[in-house]
Each structure stands twice: as structure tokens, then as C-alpha cells.
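After this come two complexes, each holding subunit A, first together with subunit B and then together with subunit C.
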Partner chain A sequence: MKLLLSEEKDRYLAAYDARAAVAVAEPDWLASLRRLAIARFDAVGFPTTRNEAWKYTDVSPILKTEFGSSTGSIGKLSFAGFECLRAPEAEGACLVFVDGVYHPELSSMSGLAEGVVVTDFATAVAVHFDALAVRLGVLSAHESTPFASLNLAMATGGAVVLVPKGCAPASPVHLVYLSGGGDEPVAAHPRTMVVAGESSSLTVVETFASVNGVASLTNAVAEFHVGENARVDHVRVQREGAQAFHVGATAVEVRRSGSYSSIAISIGAAISRHDLHVRLAEEGASCHIDGLYVTEGEQHADSHTRIDHLVPRCSSRQLYKGVLDGDSRAVFNGKVYVHHDAQKTEAHQTNRNLMLSPRARVDTKPELEIYADDVVCSHGATVGALEAEEQFYLASRGLDEATARAVLTYGFAEEIVEEIPVASVRRHLDEVILDRFQKGFSKG
Partner chain B sequence: MTALLEIRDLHATVDSAEILRGVSLTVNAGEIHAIMGPNGSGKSTLAKVLAGHPAYTVTGGEVLFRGQNLLELAPDERARSGIFLAFQYPVEIPGVSNSNFLRLAFNQTRESRGQEELDPLEFDELLREKMKLVEMDYSFANRSVNQGFSGGEKKRNEILQMALLEPSVAVLDETDSGLDIDALRVVATAVNALATPENAFVMVTHYQRLLNYIEPHFVHVFAAGRIARSGGKELALELEEKGYESVRAQSGSLAGASEASNG
Partner chain C sequence: MSTIESLANREYKYGFTTDIESDVIPRGLSEDTIRLLSAKKDEPEWMLDWRLKAYRRWLEMEEPDWANVDYPKVDFQDIVYYSAPKQKKQLASIDEVDPKLLETFEKLGIPLDEQKRLANVAVDAIFDSVSVATTFRKKLFDAGVIFCSFSEAVREYPELVKKYLGSVVPVSDNYYAALNSAVFTDGSFVYIPPGTRCPMELSTYFRINNQESGQFERTLIVCDEGSYVSYLEGCTAPQFDKNQLHAAVVELVALDNAEIKYATVQNWYAGDEEGRGGIYNFVTKRGKCAGVNSHISWTQVETGSAITWKYPSCILLGDNSVGEFYSVALTNNLQQADTGTKMIHIGKNTKSTIISKGISAGRSKNSYRGLVKMMPKATGSRNYSQCDSMLIGHDCSANTFPYIEVLNESSRVEHEATTSKISEDQIFYFQSRGIPSEEAVSIIINGFCKEVFRELPMEFAVEATRLLSMKLEGTVG
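Our next item is the complex of A and B:
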């Protein structure tokens, strides 16, 4: 096991060297960040299930696949399939990446509000280095996983969004990360950086989807700096293909009286993992993080969240829901960490799982660690099947069993989906989810 | 003429406790029946057994709907063939909008009857019309089914469903309980508007006042899992006056009472 993993690690180290050899010269600050990151990755290596944070998620199927480095080819891109992924609300503020490579011809930045920067990573490195250099990797280092280190070492594509003080763009920014654009399996390491200035407000949608059925690895990292009094709404939709692997990390820091809301949807990929880490760093900061994972067949979805209450008078709310069918597996691990000084903290966390199949399995672990004494905290997890009384009620109105089950399952998921602030994204997910449940039940 | 619904010596258990102990009742097209009786006597159980609730086991007797064995049908098949139960305690379905739910129910029922389904726009028009009938604000169409509805609003929603699905036999289980006087009038108006010579209503109620609005052809008194007495609407008045004790006192001579009244 150990040997195997070190061999895999060597392959990724070699990919790093290969990239470094051909890459255009990068500024020193970035080159040294990358060297540190790859050294950290080298020291830690890929996690095994002996590692507590990866106990239920075995990454060896990901590591066994040999991924080439991405060219960003879009040979297989079907425009019709792709268009439905683009939120019309974000027309004019939409960046599209294929296997981590920025595609300006698919993107549009014509509708940006005055002073707002939405640009690709390479341009940001060249033009907005002052904003980037002081922040890149700072948040993701707090709870860094080897995958996040690898991302920082390798990332060439990605998006940088800068919203100046007091600015509140009316339309959302949409970042579309497509995988599997070519014929060969490739790995992509896209990087997102969002900086919301003081009293600004912003909605960001990240969509991860696959172009076709080629195996792929998306190893994505996003950092969100939510400034004083700023408000960021973040929607993260992972609906990659059945052959895809997805590892993602989102690191957030919220300043005084700022608020961060996120809805993380995970319905695709063979194996997926998302780490969300929010630091409530100054008084009055708050976050509201919701999530939905929907799995079927042999899928595996792992959601790890951590909220740090670092100072007094912050609040956090969390609701993660899961719908599991077939032989699928899901993991929920949510830690709320209330630090010693964080008096008057309010933190609520709930995880609810709906099991549609006796063979599906969820490992749920809500954790509260409280080192302050004047706090209001709650947490809980439930695992259950569809309610018999609800099924009977629908049947008594003439709905056949498959439809009734689909409707109830949809209703369960809807509590999360209906909160998505961008209508087209919400409607599209509605369709995808209802369709999936209907298919699932009429099979069974 | 075959009766619309014929219940013969029906026995049913839940968790091996016998709740229905020989219910017999014949409901013909065009009739309105009222069932009264003390708490826990089995009225809701009868309603749920007719609708096919899986928690209840029929241990004896039979139920014919238009001469066909109703009990061999699954709950959804019963509903589509024209049996409707307005629940005493309607269930909340979070996350599913009332209008989507109603449209699904409506279209699946239509489809099974060989009628054309309505598209969302057409259905919406019909829904608005029916909501007017039960004096429900249109905002209830967009809320989750029954979620956070008040007791009376849930009951109205049941009547709305009945109005849309146009069943042949509607069993209303205490639809009048917890209704204010306006809501009671609304329910009564709806039932009277929907009643035709082709369909029938069975109303479970504790209150004679409902029967001032909807005049039943028959009143039955349920006791200990069967119909203990049957009569015309004057029976309801008698019960209001004397309570159920008088029925219990007579329970020695119950056999055949229900049949006698249905002739």
C-alpha cells in the first residue's frame, strides 16, 4: 500500500517537474509558492484510509488512473450540451475552462460592473499580482490537504474575481469548469480566488461538469476573502460525469460583520470529495452553508466541512442533506470549532440523509468542539427512509409508487435546491434531479 | 342496479388488534352518508382501509366498488378508479409545491381514465377555478403541500384535491373538525356543488351542525368497530341530544341495523 502510493506520488512529482520545465517564466513570488507547495505535497503524500480525515474515502482508484497533463482540447465539446450549463443571468461575467485551461472564446466578460475584475489566473498573475500575491494560498493553507498543495503547485488555469469596496454587481459571476474535453484522461488543477472588498456584495456560481465520458481528475481549490460588511453568495455545483474524479477544497475567511452563504451540490463523479473550511475571523461575521449530495450506483461522495469561530459574536448555520441510492456511499464530516475567545457564538449544524436503498451507506459525523462557555450550539444527524405516511398520502391521490417516491425524494432535496439564488441554475438542477429520481424509481 | 360501494362484514386489524369488527354498509350513487360515533370507535380506520392504508390488514369480509373487488387494488389504483379519502390529519410534504403535486395527481388520474392530460398552463387555469370554489388564495398553490398550513387550510386543501380529482366515492374524515364557520360553509358549498346523481359522499363527523349544511340521506353510528345504528338525518339530532350512551345501550340488537337502513 505504502509503496503503491509513493509510486503514484512520484508520478505527480514528475508531472510538476515537466510542467516547470516548459512553463513560461513565472514571477518569483509565485515560483516560490509553488516550490513550497510541492515540497509540502512531497512530504505528506497522498492520504490513505489510515488518515483520519480520509478514513471513509479511499483515493486509490483515482491514483491508479494515469492522467496526462491537460491541453484544454475541446474536440468533444458539444455546444448544445454546454450552453445549458451557462447561466443566462451571468451573461457578460462568465469564464469557461476546459480541463483547467481558460477558453476566452467560450467566455464573456462584457457585462462587468465598474471596477469589478473577473479574469483568468494567468492574466491576474500578470496584471493583478498585488491583489493575488498577498493572498494566494493563504486561506487554503489553514486546513491544507495534499490535494490542495498539489493544486497550488500545478494550477495554471482558474479564475480571479475582485470586487472593490462598496460595489454590488447586480448579476452573478459564473465560473464553468469542464472536464474530459479530449480523448485521453487528464488531470486539471483549477484555482479560484474571490476577493470581496468592504461592504461589497457578490454572487459566484462555480459549475463543474464533464464534456463527455472520458475519465478525468478535477482537483479544484477556491479561496474566498469576504471583507468587512461584505456579503458573498456562493453556489458550487459538481455534476461531473460518471467516469470523473473530483477533489475540491473551498477556503473562506469572513471579516467583521461580513457574511458568506454557500450551497454546495454534489451529484456527479465516481468519487468526489469537497472540503469547505470557513473561518469567522472578526466579530459579527456569519456563514450559512448548505449542501446536497445525491449518489447512486457505485458513486462515492464525501463532504467535509469545518467552521472556525475564532472571535466573539459570530454565527454559523449549516444544513447538509444526502440522498443515497444503489450501492453508493456518502460521507459527511462537519466540524464546528468554537475557539476559547469566541463567546456569544451561535452555531447550528444539521445533516440529514435519505436512504433509498438498503445497500447504500452513509458515514456521518457532526462534531462540535467548544472551548468558550457562553455559546448557543446545536448539532444533529439523521439517517432514514421515505416516510410511509407521506407515500400513502400521495398514493391516495393516484400517484403510482415510482412517481410518489420520486416526488418525495425530490421534495427532500428541494429544501436545499430552492435556496439557490440564481434562477436558471436552480431550475436546471431541479430538472436534473427530478429526472434522475424518476429514472431511478421506474428502474426499481 | 349495482351499488357504488358495498362493504360486507368487514374485519380489519392493526398490529394484530382487531379494530373493525364486521362493518356492513351500502352506498349507492347519488347518496350522502354521515358516520358518527365516539372517539376510537374505528371511523378513521374504516376510511383508511377503504383507501388501502398498508398498516391495516383486512381479516374478513369484502368491499365491492362498482361490483369489483376493491381490496385487491393498490392504494393508487383505488384512487385513480375513483375512491377519495379526505384525511382527518392531512400529511405535510415538504419541498413539493402544491400545484406540482396537484397537477401530477390530476394528470395521472386523467391518464388512467383515458382522458387527455392538461399542460401546466391549462392546469393552472383549472386550478385557479377550483381554488375559487374552495375560497383558497392562489398563493397556496406555490407553497409546499400542507406545510405550515393551519388546520382549516389543510382541510380546504383536501377539498380542493377532491374538487380536482372528481371521485365517485369521497370519504371525508372529519373534514369539518377545526373549521371556523366560514370554512365550514365553504366545505359544504363545495360538497353540494360536487354532488351529482353519479357519485356519493361518506362524511365522518362529530357534529350535527355540518349536517345542517349538507343534508345526508343516512346517518350511521359507529361503535366498537361496527355500525351500531343507522337512520335518517333525525338520528343525528337524537345523538346530539342524548349522546352515544343511548346507542351503546341498544348495542344488543345491532345486527342487520345497517342493512335495514340502506334499503
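Our next item is the complex of A and C:
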């Protein structure tokens, strides 16, 4: 990896030192993990566009902004805006963080099923260290991105969800990460850890949103351990403000016959990047990952996915869709890697992009790397505009042009949104995107 | 696949060497080598300057390492940059060519002899560093078509060469193209005048004979307004344990309403089962659809070479121009191929089609790497890509790395890829109809590659089909 922007790197290294100097004493296992992580970050540095994984995403605007360290201030928090983010289904299992700092007074915690743990990172380090110590950073270490290393070095806030064997909580767990609580730009490094025990089942919603228009950096990492025969549904909604920068990584490992489903929605932030890495580690494991990115103005959204088929008889399905307007840019890179001996693999991947503006740009790169012969793999990618025939059909039914285009665009995006298993989150997103398309077309 | 892997691989049929006295310069590369090489070819001053400029640029460049291939570093000082069979100067006719050379090409299935040669295909035969013969010169000359060796073109048609050489692949385009620009020895030159349909297929046959030499040929094809040409390229090399470098550059220029069809059947020596020897095939091929409604089509059947690094590309500059890429890449044993295409859409309503079929067997690595780029002004443009891979055996790999960059709204790009294997059910079906499994595999493979083979001229399609089944013998059954 090319090393550049050493000045910016030094700033982050200094922030690490500053944090280490004032932080409460941490157990040895965590302190040594952090030292390793910061050393790895120091060695690698921030990526440039010369780095293949960052070819289409230039992080220098993020690095140019000077971010202070987070205080967790909520001076700017508007409760009306915040309330609409809450999912009533997750009442009693909702954790709220502002700039990476846990706010118990905003969270609601009650009536959890026996043995289920939903807690903040600091409490987990103190109380549930046996579950945490063996797992923290294990999956995200596979992510070679320096941002993930930085997160491990810096993360103080975050959520830990532990579901014991055979347990199936009826209601979802909602983790709300808010950014920009104060007046100054701050950087937050929230961390999520989810451990679903054998034959358990769980729904997790992660929401990333901005409190106000202040620039912020959210550098989030989540690790999902899906146990034998367990099932995890993961909804990740990124709708940060127009000034926000968002870098996220989700690392998942699925054990024998377990299944992981995710829907990653990215509609906010000036520059956003999400890396989703799923390891199908034991036979019979499967994943189904869907995504939607909607960009306008000068937004830049980058979705990277990688699925490792490590053993025989696993399956993966993937559908990522994008809607691009204005001068925005979107990047999709999906890699399916079928390891040697991972016979009987079935892997399908699709990426579809809808261009609404002549100035938008999309760079897509679906990749297959296959080292086993008895497999069925496919991928497809398309880029195009709305069909003239379809618009004509709606016009013939009396719809004006703006409405017709909004309806068709909504229909395109809806295929992903309608799969969201939590009704309130689904309804809210539906409104947000429909509103956005209507506005976009009536003005253009 | 229980019945598989029992048959022996057939030997590489073209692995013989011709014992012929050669004019060889000492190995190694420096400005002096280039001056010597240029002097040997009696080149004008401008050509030497061009080479030296390329050499100086090459010295500053780094060897690319992004391709999905592994090999020990090439020692550029350990290569002989010029090797030519000694023969009488100034050949008046084909009869004066050394009979040993004629015999060599005959053995390769390329008779140069006036009586025996292929009907309606004009051949330029290149042996190590030089062109030894070009057939049907008279007939082509009468039609106004220029088809000659590159050295001859530099002497006879300097204005055309100056105008187009490096116009598609600039000197500093990439590492191997820069090296080629500095040391290229010979190749073919084709110019089709306006409004002319070339009366016959043109063909170049490349043969490496010398164990120490690399082959650096340069092909330049210019199709003037409203003209058409179909061009074929074939290549073989003897069996040596040492790896040899082949770094060629091919440039195509199609002006308004012109069409160029370029087909390659690449069968360089691929090394033995343990991966010893074989050709490093690092080639830059690019066509420029410079004029409106121009059309360039690449068809390749890649079966040879230890390592293939090759991306025949189209720059679609003229409005309504069309680029096509049809490829079959087969790798066996320890072969590695990283091949594909680039389609750069610049003009309005430009269209491109990519059909790539990769077959990997043995312990080989086969990657498709491609780029489709729609520039902001390429409105109404269209691309369709299909990249299918087939795996035979569990120690090989098949990879797909397509890059799609779209910078405008009205273009449409579609990419599809699949990976699969020949299923036992398919083979069983054939067997139940009385067709032996080996033949069944051959039929299935040919069906898999059908879309590409039908783009080849007939003789080549037959040859390619045969080549494929021969290469795969013993891998499946």
C-alpha cells in the first residue's frame, strides 16, 4: 500500500496518544490489541487512489478536515429529528451513541430475554470480557483497510450484543449512531460486536445519522459472529448529513448451516464507503446481502463487498442497486472468492445502476476469483437510464413526466427497501426516498 | 469426473527447431544495441531517433505487477535482440528464399511456395527478427493494397509510417510497448487505400527459432476511408526449457467507414507439464476507430504461451463506430493467462461487444480483465459483455475482473459472467447416445466457444477447433 499524506497520519497518531494518555486503564488484552492496531495503521497509512481497493475513492477530503476528539456533547441534538429515527419495534433494546459516546438517557433497555446481552462497549469490556476478548478484532483483521485498524485502536464507544444458544429474541436490537452533536467537527470510531450463539436468531438494525450540518467523520466497524445454525438479519442504514464523512466496515463469519442476511442502505454523507466482508467458514453456511445507494449533488458513495467461500456447499446471493443523480459518483466493487476445495459452491451477484443525470458517474467492478471446479457462479452488472417506453406508458396513463420518473425510480429502489424486515424502518426509508425522488424530478 | 485424467497429453507439434545459420547480435540491451540493430536494418535517422526516445522512456518505467500472474523477473540483458536467418540479399521472388526456411513454414502448415499456398490468403512470414517472405505481392499491389514487412515500409513508405506509427500505442504507453518501440525488429505493414476492399485475407505468421532471442514485432494496419481488410495472425515457437520473451505491438487505424477484422490464433510454446520453458507473451494490441462509422473487430484464440498478458483494445473515437472483442483463452498445465479488452467509448452512439470464453485446466490460472469506459460525450453508447469461464479439474482457477466506468446517463452497459464446469450429466447424456466421453467433452467445449469461432475465417475456425481439443486431450474424459 502506498504511503502518503504522512502529516495527516501523524495527526491521527497524535490523537491516539492523546486518548491513551487520558483514558481509564484498560485490561492488558485490550491495550495490547490497540497497540498492534495502531502499529498496523502506522505501517500502512491512509490509502490513495493508487491503491486498487481505493482506486475510485479519494479520501483526501476526509483527511484535509481537522477533526477534534469526541466529547459526546448533545447540545445540538434535535429530538424531533431523532424521534423519527427510532424503531418502536426495538423499544427496550435500543442503544444510542452520539459521536461514538454512549448516552444511556437516550437509550432504552428493558425486558430483554434471559441471557441476552445488549450493552455498551465499556460495560462489555468490564463485565463480558470473556466473550469479547477472544473475538474483538478477529474478523475485522481480515479487512486490510487502515480505517479498520484505526477504529480498533481508538474505539471507546459501541455496542455489544450477545445472544445465547437457542435464543430468539422477538424484537430487533436497534443501534443508533449519531454524529455531529457539538459545534466542532469531531471524529468518532464506534464499534459493534454481535455474537449469535448456536441455533439462535436475531435482527439487528444499525442506523447512522447526523444531528446537524457540522462536518464529522464516522469510522465504524462491526463484527458479526453467526453461530452454527443461527440466523442473523442485519439492516444497516447510513443517512448522515451532507457534510458528513462515513467510513464503515462490516466483517461477518458464518458457521455451519448458519445464515446471514444484510441490507445496507447508503443515502447520506458527502463521501461514504462501506466494506462488507462475509466469510462462509463452515459447510452449509449461506449469506444473502443486498444493498441500495442513492446519491445526488456532489455525493460519493462506495460499496465494497467480498464473500469468501472457504468450504464446500455454501451459497451466497447478492443484489446491489444504485440510483445516481446530479454530479454524484458511486462505486461498486463486489468480489466473490471461491477457495480451493470449496466445491458445490453456489454464488450469484448482481449490480444494477440507474443514472438520472448526464453528469453522474458510476464505476462498477464485479469480480469472481474461483479456485474450485464444481461450482455455479455468476455475476452481472448493468448501467443505464430510465426506459423511454416505460415513461411513455405512464404518460399515456396521465402521469406528468416528473411523477412518472419518480414512480419508476422508486420502483427500482423499492426492490431493496421492501426486503427490510423491520416495518417502521422500512416505512420511514420508503418515505425518505420517495420524497427525494419527487423533489429531484420536480426541480430537474 | 472418474473417467478423466487418464489420457496422455499430445506433444507440442511445432516444437522443432530449424538448423539454419543466423546473423545474431550479442545479447544485452543498451543504446548501442539499438544503434546496431537499426544499422543492420539500414534504417533512416528518424527511425533510430524514435527508437532511442522510446528506449530512454523505457528506462524510466517500471515493470507492471498488477496482472494476476507470477513469474521470475525477466532479465532484459539476457536476451538477443536481433537474430536473422542468413540469406542472400534482395530477394527477387519467393524461389530465392532459403529452402530450409520454406521447409520450416511448410512443416508449420504455411506453404509459401507459389503453387501450394493457401488460396486467397496472402502471407507475410516472420522468422525470429525478420520477415522472410511475403506472398501474393503482385495481386495486392494491383489492387492498390500495400502489404509488406515493416522494414520495407520504413524504406518505401516513410510518410505513411511516420504518420501512423505510435499514433495508437504511444511510445510510453506501457512498459512492454516502450521496450518494443525501442527494439522492434520487423512485422507487417498494411495500408488499404480509400474505397478499397482488400481482395484477399492478409496473414502474418510469426516463428521464433533462436533459443536466446526475444521476438519484438510491430504490426501497423491502416484502413483508409471506406475500405476493408481481414487480417490473420498465427505464431509458434520451438520447445526450449528457457523462457523467451515476446513483446509485440499491434496498431490498427480505421478511418471513416472503414472496417478492420483482426484474428489471432496464438499457439506459442507453452512450456512443459512442470511449467519449464515457454513464451512470455506480453503484447499490446490496440485499434483506433478514428473515423465515423468505423469498425474494428478483434478475435483471438489463445492456447499457447507460458504467460499471456494481452488486452486487444478499441478506442471508439468516431461517432457511430463499433468495437468488438471475441476471445477464447485456454490454459492447461501451469500456463497463466491474464487477458481481456478495453473499450473506450468517446464518440456518440458508439457500440461495443465483448464475448470472452475462458477454459482452465490442469494447474493453470486464467483471468479475464477488461475495462468498459463511457466518456461524458459518448452519449447513446452501448456495451454488452459476456465473460464465461469453464473449469476442468480442481487445481486451476478462473477469475473475472471487469471494470465498468460510466460517465454519462444515456449509455447502457451490461456485463454478465458465469463460471461452471462440464457436468457429469452432460457427459452421461452423450455417452447414452454412443458418443465417447472424450469426444463429448470436445463437442461441449466447441459449443461453449461457438460464438467466438464463428467470427473466425473458415480455415482458422477449423484449426482453432482442432487445436482446442488437442490441447485438452488427457484433461477430461
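What we mean here is this: the second predicted complex is superposed on the first by the 440 of 444 C-alpha atoms of A that agree within 3 Å, B and C clash if a C-alpha of one lies under 4 Å from a C-alpha of the other, contacts with A are read in each partner's own complex, and residues count from 1 in each chain.
Definition applied: a contact is a pair of C-beta atoms (placed from the backbone, for glycine too) under 8 Å apart; a residue touches a chain by one contact, two chains touch by 3 or more.
As the structure is a computational prediction, the values presented were derived from the model and not from experiment.
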First, second, both or neither for A:340, with subunit B first and subunit C second: second
Which superposed partner A:353 touches (first subunit B, second subunit C, both, neither): second
Which of subunit B and subunit C A:395 touches, first, second, both or neither: first
Which of subunit B and subunit C A:378 touches, first, second, both or neither: second
Subunit A: partner with more touched residues, subunit B or subunit C: C
Partner chain(s) touched by A:364 [first = subunit B, second = subunit C, both, neither]: second
Which superposed partner A:233 touches (first subunit B, second subunit C, both, neither): neither
Interface residues, subunit B side, partner subunit A - complex: 51-55, 74-76, 78-80, 84-85, 87, 90-91, 93-96, 100-101, 104-105, 108-109, 112, 144, 161, 165
Residues on subunit C engaged by subunit A in the complex (per definition of touch): 66, 374, 376, 379, 389, 391-421
List of subunit A residues in touch with subunit B within their complex: 387-390, 392-401, 403-404, 407-408, 410-415, 418
Footprint of subunit C on subunit A - complex, ascending: 52, 340-341, 343, 353, 355-385
